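All chains are identified by letter, namely A, B, C, D, E and F, in their written order; residue positions are counted from 1 within each chain.
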């Protein structure tokens, strides 16, 4: 059985990671997983939120949002509605936790990095693309901060890399990296965040239609772990490219 | 190694499920997992939200909240702050999805059930206690609706039962049903929602400190599945008790 | 003429005052006036709001709220609506003023007590039950603060006790402590807050249907004063009970 | 003992009631109680809020607000803060209830009158001036609606008149119609709303400092009733004046 | 062709500038352009917003609002809606910029003046009346601050005067100072703010119906500049009058 | 004197207009004026807002926003703050008015077009770039609607084209199309919106520092009109390119 775009069940969509997209941000990446495009910027500021002052430790946080017409039908702006929806809150928190998993706060020192992940075009997997791109933006921002001596020489705030991918069971078949049309048809849908060395940071599986058995869960975890390994390699390759800004 | 309250790693806290707590609600349960106490009410109304009208299908949704002094230090009310926080949104959505997993919308007909889960006292595991209690309140509310002929005779809107438990790795040891003091010390924290027949509805695992390996994940899933089996039995026992209201 | 629940016009509903309901709060009371149940917690924090700093005086404030299904039909959460309604505001302010009437700010020192009164089940008289219960929670919280030496030895922040009751004219008959069904049928409705020594702290009378004459007002005040005297005795009895926490 | 402005304890401040202040509103009054000036407009619209449709009955509601510099120091705008404060809510509700006390909803028919009471300058007693002025604006608006045949011929939506005044005990002396400087020094403060025939619509007494005894309450009620009688006469006189608009 | 109120195209409506309207504000003006009436108060406080502290420079800002029934049909209060509309924001910003154009921040010293412009009755040109009146209130407030020595002797914070007027093309004819009925029929509508010496501070022209040609724009600018010159003379005359407060 | 980027005073920055940027929107353009990049999408829906139903006329509206790190330092999200700022409101309204100036509502029929202009990177002139790009997106969206027969055959909803540019006086020299560094140094700043046939739709000039004389205003208008003529040619060229979507 072939997928709508001809991929095999174990195949990622074409992934691009374009560094240095923005002239202002300390780190910025336009990441695409197929037609899903997310602009990830990393903003570094000296100092930390009040509750962390004097700790000698830094902070990393994230905000996710969608442009109103990133999707097939226009969604109302959350700024106009005057409140942030549950889905936005949930994803922002997921991205923040995922990236904090590879941060050594002591090494970062009392600096804050805010990751903004704005979905310019959505076709499924926006949160996993956001995490994958945000890691690269974060790496660039930390390099910038090291260069500016905001971070003490020799300190390595990044303890590893992090990437994410979605998996799901569609028509009984476990699939990697779902497009929107696959996502809406999935019985089970899981987002998995892994470190570059293959360990898990987040596992979020949801039975959209039918509850799932343990074997299905195991298969999906295998599929996701393999996908994250591929993404980690793409992140490394992107970061190895020399960019001058 | 024994736990702060003397439990074994595989042991649940004392669980109580008190049905018919409220005189107004169609279903109401005061559930406790140790010192965690959640009041779950199920409110039935005829009709469905606008986007579902005319579909012949019902709807189930949930709202979670904490009283300001449910916790060790007082938290500001979200009504006073004028906005619902991300954590509240996230848990409300989780409870709603979990209960919808055992609902046959067609059999429910165009009726809506709202589950309100208000934490009166918190000591870890509030979301899992809420799901476990809300299922029982939902079952009572559906029985009420069948009795009132809001649901057509012979229709069974509940396709199974659902319960939830937390698991985590604390000091290297996998533990079932974490208390607050254990939760804050956990390296990994997972909330698992299962159906009464042992399948998974939600799996949400988070590396609080260290990313976790696949074997740790497997151990935690085993532990959680066993805990949910026990909770399902307690739910059955509670529902078998005759209550007159 | 006997009332729906068989009481005489001058009779209170059964009142229970359960101290130490919550394990976290410095004072906590589950108070019931018949089927009306309110959880009152008193939270003590060192320090006072900014506008009072350096005055050497303390502060006491209150917040009132209802669980969504405390009432016969479910009400929307104020946190979800994003704003607090006028009724909630009004009652929170009334509770705060009533308790401040028996506080010696100087003796309290620069400490703050927040009283949270959350209605778990409503059947008329929620604000009067809240005041009556909150006084007991406040007394326990102050005892706790004295024990912890937050309050200077010998200082007595409480200058008296305070309790409250509703009265109203239903079908021409003045009644004490209205249930919901009586309240909606009342021509005149009054909430009266008294100190333990029989003086008035608040008198709020409203002509729901017909304006009322001076004699009616006088009768209602007599009835309320007698009810408050009874409640003050119940508060004393509850506080005399030894509780270990 | 004479008062700061030379009045006797039983004396009202100079009261002016200027009808037809606004060219747009169906009824409009600039009322002043000494330096307190409130602009009261009554807006008539055909139809009623949704919950009242088809009842054949009308509705009357009120909104109270203060200009930012109506007071001695500038207050932040509630529109800028994004929320209405408790005091504003409380007073708006009081004004609405007071005026509804003299309305026959059936005679009004399915029409709505909104009373806007905006304090242009404050010097104590803004809520009582607002009620007193709003009644006159309401009477003009109803006359307008009768003239426009929105109200059926022969129907009399007004069942009486309503006015309000504050009373308080300052330095042991009961005083009528407190100015701001008196109000802040009052031990007890009461707002009383009466009908033109001398019955009570609202009685709201608050012990600002010391709880008050029954005799004090009785004295204050006498004082307020006399003040309201005077105000009712001033309202009648104002309405007897022919205005052409 | 004569206008609805008999004016020539180049003629202002009757303008009144009543100083010292409020007993509390440091400067206060009730300004009327025909039936448009705006209450402008200027509130002086020592100190400046945080971002300006230590600069030695002052700040001037403005807030504009309309009473709900200032207009022909009642508008909802922005405080009740919980948000300020775009039009209100836009006009508040315009008034603030216009008055800052004649302020020497250094001479003002670290003091803040807030100008509140509340429209009591609207008949077109509310923003231009507000600017014209606010200037006079500002001048009075600055004189007050000089008198109180908040401003150093010899310093002149006002570098000139500022006034504003609307112009538009109605039925092909360029008109000065549009009333509401003219405004809604205008093809082009322009608000112009000038200094007393005839220079421009703001020019805001909008094609309501047809885009306008350069010659039309030139004619409107001539008309507006002449109108502002007249208004500047009226402002001077008002300020020359001795007021005792 | 040459400008920071070597342009002459009368020279636009390099302008690019990339059509069909988004796969979902009916019209979409990524427009850049130098380093200023704005994503403009046009969303077509059948039907109009309630107040326009049954009129046979369509509606066009716009929303403008900035990504948090579009600027040199990160700005807080308006969705997080829970309110839209005055600047955002003002610009959204300007864009909407500008595009409505070239719309024949009757020809559009009861359809709505929403233009979303999201600034991805800011370097001055974001509102003028947004208008210029939004026109092209609007033209594409209308062509789509004609193709889908939402618009009746033969009807031409667009009565012309519209573009916009900023001008300002920097160091005494009138400059076209200001970059951010020029904008902050400008004494006078003007945004001008013109139709393709050289007439004016909006003229918004502000004295940032010194009030400006009539001759300066005239020079700026000449400069802006010439700039708009150039932009209109670029818009035509972009629309002449055949795109297949």
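Following the convention adopted for this analysis, a contact is a pair of C-beta atoms (placed from the backbone, for glycine too) under 8 Å apart; a residue touches a chain by one contact, two chains touch by 3 or more.
Everything numeric in this text was worked out from a predicted model, so none of it was measured.
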Fewest hops from chain B to chain F - one hop per pair of touching chains: 2
Duplicate of the E-F contact set - from C-D, B-C or A-F, the pair where over half of the pairs recur: C-D
Remotest chain, chain A as reference, centres from CA atoms: D
Maximum centroid distance from chain C, chain identifier (CA atoms): F
Cα superposition of chain B on its sequence copy chain D - rotation in ° rounded to nearest 5: 120
Centroid distance [mean C-alpha coordinates] between chain E and chain D, Å: 33
Between chain E and chain C, distance of the C-alpha-averaged centres to the nearest whole Å: 51
Whole-Å separation of chain centres (CA-atom averages), chain A against chain D: 59
Multi-partner residues of chain C (at least 2 other chains): 82-84
Cyclic chain order - from chain A, heading first toward chain F: A, F, E, D, C, B
Complex contacts: residues of chain C adjacent to chain B: 22-25, 28, 35, 39, 41, 43, 45, 63, 65, 67-74, 77-84, 88, 114, 116, 118, 120-123
Residues of chain C touching chain D in the complex: 83-87, 89-90, 92-93, 97, 101, 160, 190, 194-195, 197, 199-207, 210-214, 217, 221, 225
